[in-house]
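Have a look at the structure below, then the notes.
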Amino acid sequence: MADSILVVTAHVGDFVWRCGGAMALHARRGVDVHLVCLSYGENGESNAAWQGGVQRDAVKALRRAEAQAAAAILGVASLDFHDLGDYPMPESADSIRRVSEALRRTRAQAVLTHPEHDPSNLDHCRTYEMVLRARMQAMAPGHGDDFVVPPQVLCFEPHQTELCGFKPNVLLDITEVWETKWQAMQAMPTQRNLWAYYERVALQRGAQAGRRGKSAGTRYGEAYQSIFPAVVAAFVG
Amino acid sequence: MADSILVVTAHVGDFVWRCGGAMALHARRGVDVHLVCLSYGENGESNAAWQGGVQRDAVKALRRAEAQAAAAILGVASLDFHDLGDYPMPESADSIRRVSEALRRTRAQAVLTHPEHDPSNLDHCRTYEMVLRARMQAMAPGHGDDFVVPPQVLCFEPHQTELCGFKPNVLLDITEVWETKWQAMQAMPTQRNLWAYYERVALQRGAQAGRRGKSAGTRYGEAYQSIFPAVVAAFVG
Amino acid sequence: MADSILVVTAHVGDFVWRCGGAMALHARRGVDVHLVCLSYGENGESNAAWQGGVQRDAVKALRRAEAQAAAAILGVASLDFHDLGDYPMPESADSIRRVSEALRRTRAQAVLTHPEHDPSNLDHCRTYEMVLRARMQAMAPGHGDDFVVPPQVLCFEPHQTELCGFKPNVLLDITEVWETKWQAMQAMPTQRNLWAYYERVALQRGAQAGRRGKSAGTRYGEAYQSIFPAVVAAFVG
Amino acid sequence: MADSILVVTAHVGDFVWRCGGAMALHARRGVDVHLVCLSYGENGESNAAWQGGVQRDAVKALRRAEAQAAAAILGVASLDFHDLGDYPMPESADSIRRVSEALRRTRAQAVLTHPEHDPSNLDHCRTYEMVLRARMQAMAPGHGDDFVVPPQVLCFEPHQTELCGFKPNVLLDITEVWETKWQAMQAMPTQRNLWAYYERVALQRGAQAGRRGKSAGTRYGEAYQSIFPAVVAAFVG
Amino acid sequence: MADSILVVTAHVGDFVWRCGGAMALHARRGVDVHLVCLSYGENGESNAAWQGGVQRDAVKALRRAEAQAAAAILGVASLDFHDLGDYPMPESADSIRRVSEALRRTRAQAVLTHPEHDPSNLDHCRTYEMVLRARMQAMAPGHGDDFVVPPQVLCFEPHQTELCGFKPNVLLDITEVWETKWQAMQAMPTQRNLWAYYERVALQRGAQAGRRGKSAGTRYGEAYQSIFPAVVAAFVG
Amino acid sequence: MADSILVVTAHVGDFVWRCGGAMALHARRGVDVHLVCLSYGENGESNAAWQGGVQRDAVKALRRAEAQAAAAILGVASLDFHDLGDYPMPESADSIRRVSEALRRTRAQAVLTHPEHDPSNLDHCRTYEMVLRARMQAMAPGHGDDFVVPPQVLCFEPHQTELCGFKPNVLLDITEVWETKWQAMQAMPTQRNLWAYYERVALQRGAQAGRRGKSAGTRYGEAYQSIFPAVVAAFVG
């Protein structure tokens, strides 16, 4: 069975800006990248789409198509929409169950999702909590004997890191897949107002990674905060 | 349209002790002050009223009348009771929607509410969370094209600040409206056990503000913690 | 009326590993020790029981019997199972009410429960929150005139303390009841994989307590974090 | 040998406002209360004394006399002035050694001093650090075989608690010695501007303690934060 | 006497990248902007200058000239170099005294300096501490009767905010002086490797401020964290 | 040039208990392991040696010999004693310089040292600070053109993790070198009181790592907290 990771986001756009580089990078290396979008972000993150009396279903269809296009560019292996609604997003035991089933099915070694805190966007916090509950459900023998070794959880970067208490301890070098991430970003024209912002985020993280890394060629990066201790076999060598 | 602020509290008494000075001060300056009380505090913050076989409805009516009297003294422009019940207070999607509508209707530039943490009073935490969810709903185009610029959120002082991790970064000089706040406090005889306590709170915050402020006349104050960065045009001058 | 404490745990095993020493110690001194287990831990903390096509009800019955046996060894005065389910555990207004009634009935001066945070086990966080809500309900005159002075809340040790932000400020010397705790642990063979782990935890806490304490004989300990300030009459003497 | 506590303050006034109740209470109960003032607070906490061309030595003598008078009222067993200077106070290896010797000589079971952080008064932080270094020196066999069991450290209340990250976990009921503390405060007329402020602090802490305590008579309190876990034999009973 | 602010940095470059906008903005509005550079940053922040056997004095002279040029562009009223050395920078009682004298002389209402924590650059932490000690010395009557009302301290943005625990609560709109800041940045060619990085920082902070602010024209910003509560007369209106 | 790591400890014993596994593991894999002990721990961590009128020099010689023996067992490439004294340890600019020279000479990619906070042992905090200052000095061109890419800093486990705010994010599997670590521990009979304690620490960390790791054979572990973000090329695969 191939290695795999699972990405769970609150709104369709999140995966592109926040971990599109990780998705493209792992897909390129043969890792299966699975994606769950809990909502279409139709209410609060589709501002440009709400023009001229458009209906909610049309906005949702538009964002769904954008997400599919971006996911295809990034090389996603599977894509699941839960359509929970947003701004605000409700807690959903059914979504928790579905994510737990995805973890069992994919045997993902890592889950990428939102960080724990964000006073400006509680949908992100709710997603984080649902992922942690799904992780519990996936590792419980009482929910089926295909239970899993609990995966690492890696939180990707929120819009305003300090406001969210986000403390990245991992910088991922995404230089080699930057062009792919950039194309995926452009497949989401509804949020084109974020293109330049997240290009700058990638450049800042690349600059920070470049100071620490061994490769002189690092130009673009993504930042992550791991929730659980990583088990390693050595520090160097 | 006039400037406005919105106050959202868990129980009817909270607005008087915690931000009555801010309410009176802004009302005096022509700012519309809107108030939402999510419950009457009938169960847990009306101890003196539970005498001699009184019924819950009578307690609620009493607290409602006190809140109306105190609000009138402070110069409140509108007052809405959600009657959610208390000790403990349930989460309510309907209340979130109503607060979001109040934000849209009033265009409040700031919301005053409880801080995030309080292990002795989870109704306060729940109110904070509902306010943040309502703020999201108010700024989402998908919930109506009268969406708002997201307002600042200012948390007022809890009963035991250190227990709640409350970190005030704003001290409001309420000296000029202290008499009004004191009258509003006395319009809540059910909680007369708090009068002296919150007079001392006001004096302590006044003393702290006096050390830092420019005006020698500061005697009474209120403390607030802003959740979002404030955008300013200069620091001095 | 006898002094009493109340223990509230998410899963049946928790009370043995985390506060079995405190339970035995207080019971031995004539303090009534009441116990509430919100679930049987059948899904996520009964791994060894899920063998050979066993049914959920059988697992629950097995864990219930183990809990009863362990509780009897520790000298528990009453034991209540809420059977909420686990991994994940839902919030339950009914359980909050039942715990609040237990607080009113027992007049417990302290509640022992899980700490606030645990990203690997959100059932523990939910239990903590439900306990704090029940504590509010128990102290509210509107829920009955047998309302209580709010009890101290003491959080016992989670499985990985640093991951949970657990900061113990109280070490309990359980040397004199260690044998009893050890027997209670052995009455839970379904989780025998934890025996050695929690023996070591007790030895580490004992060693830490021994450095600070006055008694040279301290060998076993348990760690707790109090949520509310303790009121004391003196520091020494 | 009598039980004893050691108080270490940055400036002469600190012991009265912050732990005068604890000092009087323990002295009354036969506990030896030893006091070290690292400076006279002559530069930054003697504002009223700097009138009419007074010289520094006169200010120091005045504050020394006030401290002696207040200490006598509180029942202090010994009083040591280090005269390190203030605003700012330097680190002093010699003072660390002298405090360590006081710990060895008095066998104090608890040290009362300033909390770790205070951006408005780094003399307080420096005192905290010096106390912790002295505590190490006192427990080290290499500095003499009269080494001690390391005492608890209890931080008393700073002027603005939230600014200092002060988290009290112990409230001391000082009602029975309030009159003595009040007299000691009045023995420090140079800082009479603080009398009313710290009377209110005592009333607020008394009110908070009264809510939690068993005695209905609690009116005055002091708040403390313990640095090290306390070893206890039971929670109740 | 004109309003004034004081900027204190560890190395000569810091003022340009971190608060050059605030400096230009206030100078343009008639506020006196005073600047203290504790070192020339010759050892650790002048990498491009260490070529071809250059001597330390030449590097220092080069950086001094760059700082003077950048300061002139920003409209600085006075500039003081302490030449303490860097990487690492020692603590200096003499520098603390000089900064305290600058505070007395200028009556600065705000001090802009580095934040408290930075594990990658302890010179910044030391500067913060020295500023807080100087602030104490400046407000102490015992150091001269020209003592000051203690100024606000505003920490500017470090290189990697999350690593430093930097929590900005103030965003300054520097759009109108961006060109001036950019010119000042270019007057420091020794650190040209930082030009693009800090242009992006300004754009990110501008985008964040634009979301919250009232002016549609906000494009560039700077972020600050205030250490002491601000005393305000109103929230809106 | 071989890969290398640098270990810097406050007292001679620290390296064995806290990172002896990492040292043995890396040495076995051909990584050069360099060790600096800032003091012999003669005053505060050699209790068993202070018997019968022994002189300080004899204690230091004894601990030096033990450290050399333990280091040899672990496969250390170089060992440097700074003899700064302990309980308390002074700050030393000379030691900072020497550590910075060791970083330049060894090109260590990671430094293992004490965590930032420990109220019971400020020698550990001072060591952490000196290491961070040495790291700055090592990366500064002004101190020599053999300046280094700044290494990662990994803090090893303190005696009481929660007291120190220690948050491990890396668990190292040391099962394969446990016997070697155990032998090194036994080469330090002066601190034999710690043998069982740190064997249990290793077993607890091993159990925690085993839950997360891929290898079923993990029995012993060590915990570390990285200070700077790690730059990685992928999360899995």
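A few remarks follow.
The letters A, B, C, D, E and F name the chains in turn, as written, and every chain counts its residues from 1.
Here is the rule we use: a residue touches a chain if its C-beta (ideal position, glycine included) is under 8 Å from a C-beta of that chain, and two chains touch if they have at least 3 such contacts.
Owing to the predicted nature of the structure, the values given are computational and were not obtained by experimental measurement.
Counting steps between touching chains, the shortest path from chain B to chain E takes 1. Common neighbours of chain A and chain D, listed by label, are B, C, E, F.
Its C-alpha atoms superposed on chain C, chain B is turned by 120 degrees; the angle is given in steps of 5. Residues touching across the chain B-chain D interface largely coincide between the two copies, over half of the numbers being common to both. If you average the Cα atoms of chain C and of chain F, the two centres end up 37 Å apart.
Touching two or more other chains at once are residues 150, 168, 208, 228-229 of chain D. The touch graph of these protein chains has some other shape, matching none of line, ring, star or complete.
Which chains touch which is summed up as A-B, A-C, A-E, A-F, B-C, B-D, B-E, C-D, C-F, D-E, D-F, E-F. Listing the residues of chain E that touch chain A in their complex gives 160-162, 166-168, 196-197, 200-201, 203-204, 207-208. The part of chain F that touches chain A in the complex is made up of residues 3-5, 22, 25-26, 29-31, 109-110, 149-150, 152, 154, 168-173, 208-209, 211-214, 218, 221, 223, 226, 228-237.
Taken in their complex, chain F has these residues touching chain E: 93, 96, 116, 129, 132-133, 136-137, 139-143, 145, 150, 153, 227-229.
Of all the residues in chain C, the ones that touch chain A in their complex are 42-44, 46-47, 50, 56, 59, 86-88, 90, 119-123, 163.
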